[in-house]
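Can you read through this structure? Questions will come right after.
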Amino acid sequence: MSDVLEALINVGVLASAIRIATPLLLAALGEMVTERAGILNLGIEGTITVSAFGSFVVADKADSLWLGVLSGVGAGILLSLLMAVLVSSIKVEQVVAGLALNLFGIGMAFYLFRAFYPQTGGEMPRSDTFDYAEIPLLSDIPAVGEVVFSQHWLTYAAILSCPVLWWTLNRTQFGLELRSVGNNPAACDMRGINVTGMQYLALAFGGLMAGLAGAFLSVFLSGLFFVDVAAGRGWIALAIVIFGNWRIGRILAGALFFGYLDAYQLSLQARGVEVPHQLLLALPFVLTIAALVVNRRRSHEPLHLGVPYFRGER
Amino acid sequence: MNGDGADSVLLRARGVTKRFPGVVANDDITLEVHRARVHCLLGENGAGKSTLADLFYGVHEPDEGAIELRGEPIHMVSPRDAIAAGIGMVRQHFELVTPMSVLENVVIGTRGEAKVDLRAARGRLGELCDLYGVEVDLDTPVGDLAVGQQQWVEILKALYLGCEVLILDEPTAVLTPEGIERLFATLRRMASEGLTIVLITHKLHEVMEISDDVTVLRRGRVVRTSLTSEVTMADLTRMMVGRDVDLAIDVVEAPRGDLVLDVSGLDVATESGRGSLKQVSLQVHEREILGIAGVSGNGQDALFDVLVGMKPADAGRILVDAKDIAELSPAGRLEIGIASVPADRIHQGLMMDFRISENLILGRQRSDRFGRRGWLNQKGIGEFADDSFAAFDIAAPSPAHVTRVLSGGNLQKIVMARELAGQPRLLVVHQPTRGLDIGATEYVRRRLVEERDQGAAILLISEDLDELLNLSSRIAVMFDGRIVGEVDRRDATVDRIGMWMAGVSGAPGEALA
Amino acid sequence: MNTDVPTTPGASSGSLLRRTGWRLERRLEVKPWHEVVTLVGAFIVGLAICSILIAASDKSVVDSYRALFDGAFGSRRAVYETLVQATPLIFTGLAAAFAFRARVWNIGGEGQFFAGAMGAFFVSDLWHAHLPRGVMVPVLFIAAAAAGALWASIAGLLKARYDTNEIITTVMLNFIILLILSYLLGDLWRSPDTFYFQTVTLPESAHLPLMIDGSRLHWGFGIAVAVAVVVHVVLRRTALGYEVRGVGINRTAGSYKGISVPRVTVLVMAISGALAGLAGAAEFSGIHHRLQLDISNNFGFVGIIIALIGRLHPAGVVVSAIAFGALVNGAVTMQIQTGIPAALVDVIQGLSLIFVLTGAVAVRYRLQRTRSDE
Amino acid sequence: MMRLTIRLLATVLAFSTVLVACGDDEPEPAAAPEPAEAPATTADPEPAPAEEAPEPATSEDPTSIHIAVIFGNTADDTWSTSMLGALNRVTAEAPYDLDITYEYFENISYADGERVLRQTAETGEFDMIIAHSTYSDSIYAIRDDFPEILWSFTGSGNEGRGGNGYWLDVLPHEAAYLAGIAAGHLSETGMIGSVAAFPFPNVNGPVNGFFAGARSVNPDIETRVTYIESWFDPAAAQEAGAALIEEGADSLYAASTFGTFQAALEADRVFTIGDLDDQEALAPEVVITSVLILWDPGLRVLIDEWWAHETAGEPYDAPTERIQFYMAEGGADIAPLNEALVPADVIAEVNAARDQIMNGELVVEFNPGDVG
């Protein structure tokens, strides 16, 4: 029992939680912005996969991790722009477009991977990975230094992007308009705001963030690409957005919490504690449903989420 | 006063035609709007006024012809172009982001500023409010504002962008007589300061009261443009309708019968607090039409909803034939003979993608006539549709067609045919002629009277005073969720009802408890 | 999510298009031939792009498509296999179509598929020794439908009671049930005599009989087509179907006229879940005969796509499920015969979908010249 | 509309039955490969008859064999690469002077197994089809339709039923025991761990072997295992490894998983042991050795059986038992230890133990039960 409790605040568990949370946070922030513009993008899983591949192949072939990140992000943006064309211009049902995009994206990434790396019985190709970016001085603080200040630079970037994003959404003209588009595209249209353009931008940003998540999985964590690299993280990011009620602070908390649960169950196993870990893994999903019910009175769900906007129709 | 100088023409439509599937909304329209004047576009619902306004604002593009501003043709494909050209518009249905504050709503779409300087915006907006005497809390979410105030937010939005032409589409529908007066005063002042105002309305007296110029539209065409001072209301009526009409229906009233609807002490809260009901009591008898007057947003929606079972009452009783119906669902209320015609027939009354025949049985799909043990009786449905087509003179290719293809008047006929079919005991009607042309309006009103004569008790909620004065046996007036006065039709005058509508309570004894 | 926005005729267009002097206009009525023409058009465009991809990987386009067709319809057995592949998709497609008709966005077909298979396994485990085949198989299917309905009802009830977004709840429920199944397969339900996370094999008495001996085509296909007919009759001919369609078109008007939207929502979810559950039973008792974590090849998700391509119509679902089954089935032959990588097959499927979806939207519009004077 | 629908549905049904009926007249296609088999195998004209090996071959004898391999995961996972590696080696050996060619099909889902196997067989191109044992049910369901094909499934499997279905397995627990010896010596924290895929017997066996090896040199050593419930999820393996390291484990055995080396790379002085395939090149800083599974002897047996069938015309008669290979029989081994990380005396000790296992002096029990 003491193991169960001790694992709760274990330094390694916390550091691991932050690491696991990083791609979730990145993808969730991107999805939140996309949804704020009224687009429900279920294609994050595919976007992450495509980006992980884009990062990996360039990092490996061009031998530059930074170029790798850049191209991963580029790939993510490209796929998201395809989504934008489908849902914002052609106005295909968003749910289906997202599902189709997953199929297409994952297939495309794997197809290209095989084109670049035919497997004939050798080892798995592996690229370099970024080293942890330990922040001088701060990383020497006991416990906190190890948990918080000895992570990847992208982790810091993800966390720092929260206030930046908050400021952008709440204190700039652009953010104001973006939020308006998700709530009342007709009003924005009448105000001269290019609704379609905003949705393209929002999706591109979502692609950028999912792209970073993909890059994190390949060129930060493992230096590997494989077809199941996203492993459901796109879906969990989606859950986190709802769990976080479309609020940046709560999304950050949600991502950390979901990452924490995963790290915790691994730690319990490592301690030899017998728990049906499936139940711990299911907890985030159950909690997301619970959050939906609890938040219903003060929901910040964009009023026009998932509904295609047609001018002249109401 | 010299409206004729070509250089004073600010906005011009030149031979503008706009078609929608199945209709020509604007047909070769040419008109000129002069600088710093108030120009009314007058016409019935469906005459093409709103479409023309949308063309001026870049919402739609003309299929033929051109819009000109300051003598130059301007090609607008989006409201953005209109805004850039100095055109502002307040549409009939507000375009507000309800969860956001007044200030934020105003700032949306102001170009060229990356960071929202809310402080500066607040200052400028404050000046505008002071200038025109607008009182509104800038930090309240607009969803929490009264409709009248929301309209001011819309006007502020247009002014904030510094427009030269301000188009207002039916702005008075949501205002009290007092509010209208204030609006008109403000508009006159704006015009005197150089703003050009295009006001869309279907109310003659408003035209006479405020405008310098008036253009009458009928069926998408311009009938005539003239100086308001040179026409009379009778002229305008003739132009609007195309003939002399008297919508008054000769009402020979039979004595009313037993008490059918007895409402007392009804309270209904709404989430925002707007449009709630407070201690409403009213009675309707057999062979009687009780009219409910009031400016929209004063509780009429809640009253309709609570009577048909869409909203629960927080306090009070609703008796129908002395039976408490509080526990009855909408379906249960249909069963005991409560029929209803909702205000928004497209959203509340019809399934636009259903076949017409299917819409005609909506609500009675499980009745013995149209089904048995969960199965639909296709033959019964078909026969009923044929009967309805004949009885209500519905103009549609066949009952198997999708409802979407019908015109507004025919849509309302379908609703009426459906609701009147079961010989309702109580008929709750909300804005039954809104948006209908003269012919359909006449038809609907006549059917209501017929229904009354056959013994139904009718509660008629309307914002059209003429309609109420014409049809009702008694008129009650709602203000801020209360019945503030009730009067027999024979004693009713526009002034008296207008006072009540503005919230001024009548002398003791006039308002029935 | 506000999915209850009724649409009225009107213009719609992006400004880019408008600047060219054209605009899209919504058709008042979409005729069947519009749909056919557009779908064929989409299919041809999709095929063309896929051809480029095939050519880019140095394979013969003609040979590839021939292999694809042969794999799908080239022999008796190929046809059976296509139908075998289509069977679960018909069920999950119907499940999605039925829910979407009421604008209830059940994305949980995958989870309900497993719920169904689990229900079927549960009763087979409980009673298999005591029931003859004629009873056992129907019991399996009933249990699967019940389990699928039950699982979906969670999302239905939450939506009816708390207005929670069913897209999210059903997606979450997918994950939850897979984890529950993983737990059960590792523990209570694990077959004692094999190494994997799987149950014991079903006794013969619980096998769904074959439609064609010597093939894999089991009666699941027949049942699926029969269920499609039933779903159609329910939608068209019953008061429930009327209400389901009504809620889908305009739930405000529906509730004004006495249709209890929460009740219909729960019912729709349950029925949709039951249909997806049947897919689980058919695969479990017709093909795999044991429960495993991998018995679904994304059938729940693909069903959604099938439903939309089939325009939410049972006949359309059956047709598009068979077409999709043919594509999946033929793709394997194409891969084996021409060496096209498996991944390209996924790309082709994704691309065809994107084009068919685009076509399905495009069919509702027509291009109209906005200015005759330009 | 109703009538239209029913007509549509009827058409679909009719269409299906017509298609089915059309086929009825044709000969059963499943049987077709039989006559086609001979030309398919001898059709390959490339190896000129002149080059034929002299000894057993007559001019009638086959000169080439074409093998299909079906992978459930992608071909990059370690199980797949170990199989491909063995195929490459056996191809180079060219038993019976055969020209061995193979194709693999990867990422085939369990649900698609039977169909893919059948379609692979129906092409008539393949003499031998090897699949992971997760498809063993499927193989038994269709192999009777293709009596000329040698079917094989590899791994733990469900059951063996003889005929033309061969069940191959390899036992790497002895090699894991050797890795355990090295880990036991290297451990400073007194704890070693394993990141394992599933609590399956064929995963537990090597893990138990690994721990037993460590205990043989350090009886007090603590052991921990974490299951990540995936055959191939490097990210999960990495985090699980990190959790074990945090607990104090300083040697990690990646049992049927891939990716723990990443966790070791990020820790101080933690070693990792690869599994199934040699992983030292991936991360030479931390990988001390790898537990190898070697399919070579199994493949040789399969080719022998096929050769006997082809040349002598005997029907296939697979044993119902699994054909399994211990380390001494070449079914498993330990990769050369990383000399940069492992002291020479430890290497010597491991090699000595390896010799003992090879000559039977040291017996390592196969313990597939719960890891303790």
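A, B, C and D label the chains in the order they appear, each numbered from 1.
Note that a contact is a pair of C-beta atoms (placed from the backbone, for glycine too) under 8 Å apart; a residue touches a chain by one contact, two chains touch by 3 or more.
Please read these numbers as outputs of a predicted model, since none were measured by experiment.
Q: Per-chain Cα mean versus the mean over all protein Cα atoms: which chain has them closest together?
A: C
Q: Which chains share more C-beta contacts than any other pair?
A: A-C
Q: Centroid from C-alpha atoms only, then distance chain B to chain C, rounded to Å. What do you get?
A: Spacing between the chain centres: roughly 44 Å.
Q: Counting in whole Å, what is the centre-to-centre distance of chain A and chain C, each centre being its mean C-alpha position?
A: About 27 Å separates the centre of chain A from that of chain C.
Q: Counting in whole Å, what is the centre-to-centre distance of chain A and chain B, each centre being its mean C-alpha position?
A: That pair's centroid distance is 46 Å.
Q: Where the centres are mean C-alpha positions, what is the separation of chain A from chain D, in Å?
A: Centre separation, chain A to chain D: 35 Å.
Q: Residues of chain A that touch two or more other chains: which are they?
A: Chain A, residues with two or more chain partners: 110, 194, 227, 278, 303, 311-312, 314.
Q: Residues of chain D touching 2+ other chains?
A: Within chain D, residues 106-107, 229 contact more than one other chain.
Q: Pull out every residue in chain B that's touching 2 or more other chains.
A: Residues 60, 78 of chain B touch two or more partner chains.
Q: I'd like to see which chains touch which, written out pair by pair.
A: Those chain pairs which touch are A-B, A-C, A-D, B-C, C-D.
Q: Under the touch definition given earlier, write down the residues of chain C that touch chain A in their complex.
A: The contact residues of chain C facing chain A are 1-3, 5, 7-8, 10-15, 26, 57, 105, 107, 158, 162-165, 167-169, 171-173, 175-176, 179-180, 182-183, 186-187, 301, 304-305, 308, 341-351, 353-354, 357-358, 360-362.
Q: Name, in rising order, each residue of chain C that touches chain B in their complex.
A: Going by the criterion above, the answer is residues 6-11, 15, 18-19, 23, 25-29, 237-240, 242-243, 245-246, 249-250, 252-260, 370-373.
Q: Touching residues of chain A toward chain D in the complex: what are they?
A: Against chain D, chain A makes touches at 10-13, 15-16, 19-20, 110, 119-124, 126, 129, 132, 217, 221-224, 226-229, 231, 262-263, 266-267, 269-272, 278.
Q: Which residues of chain B touch chain A once you look at their complex with the stated criterion?
A: Residues in contact with chain A: 54, 57, 59-60, 78-84, 89, 91, 93-100, 104-105, 107-111, 113-116, 157.
Q: Touching residues of chain C toward chain D in the complex: what are they?
A: Listed in rising order, the residues of chain C that touch chain D are 32, 71, 73, 75-81, 83-85, 182, 186, 193-197, 201, 212, 214, 216, 225, 228-229, 232, 236-237, 283, 287-290, 292, 294-297, 313-315, 318-319, 322, 329, 332-333, 335-337, 339, 342-343.
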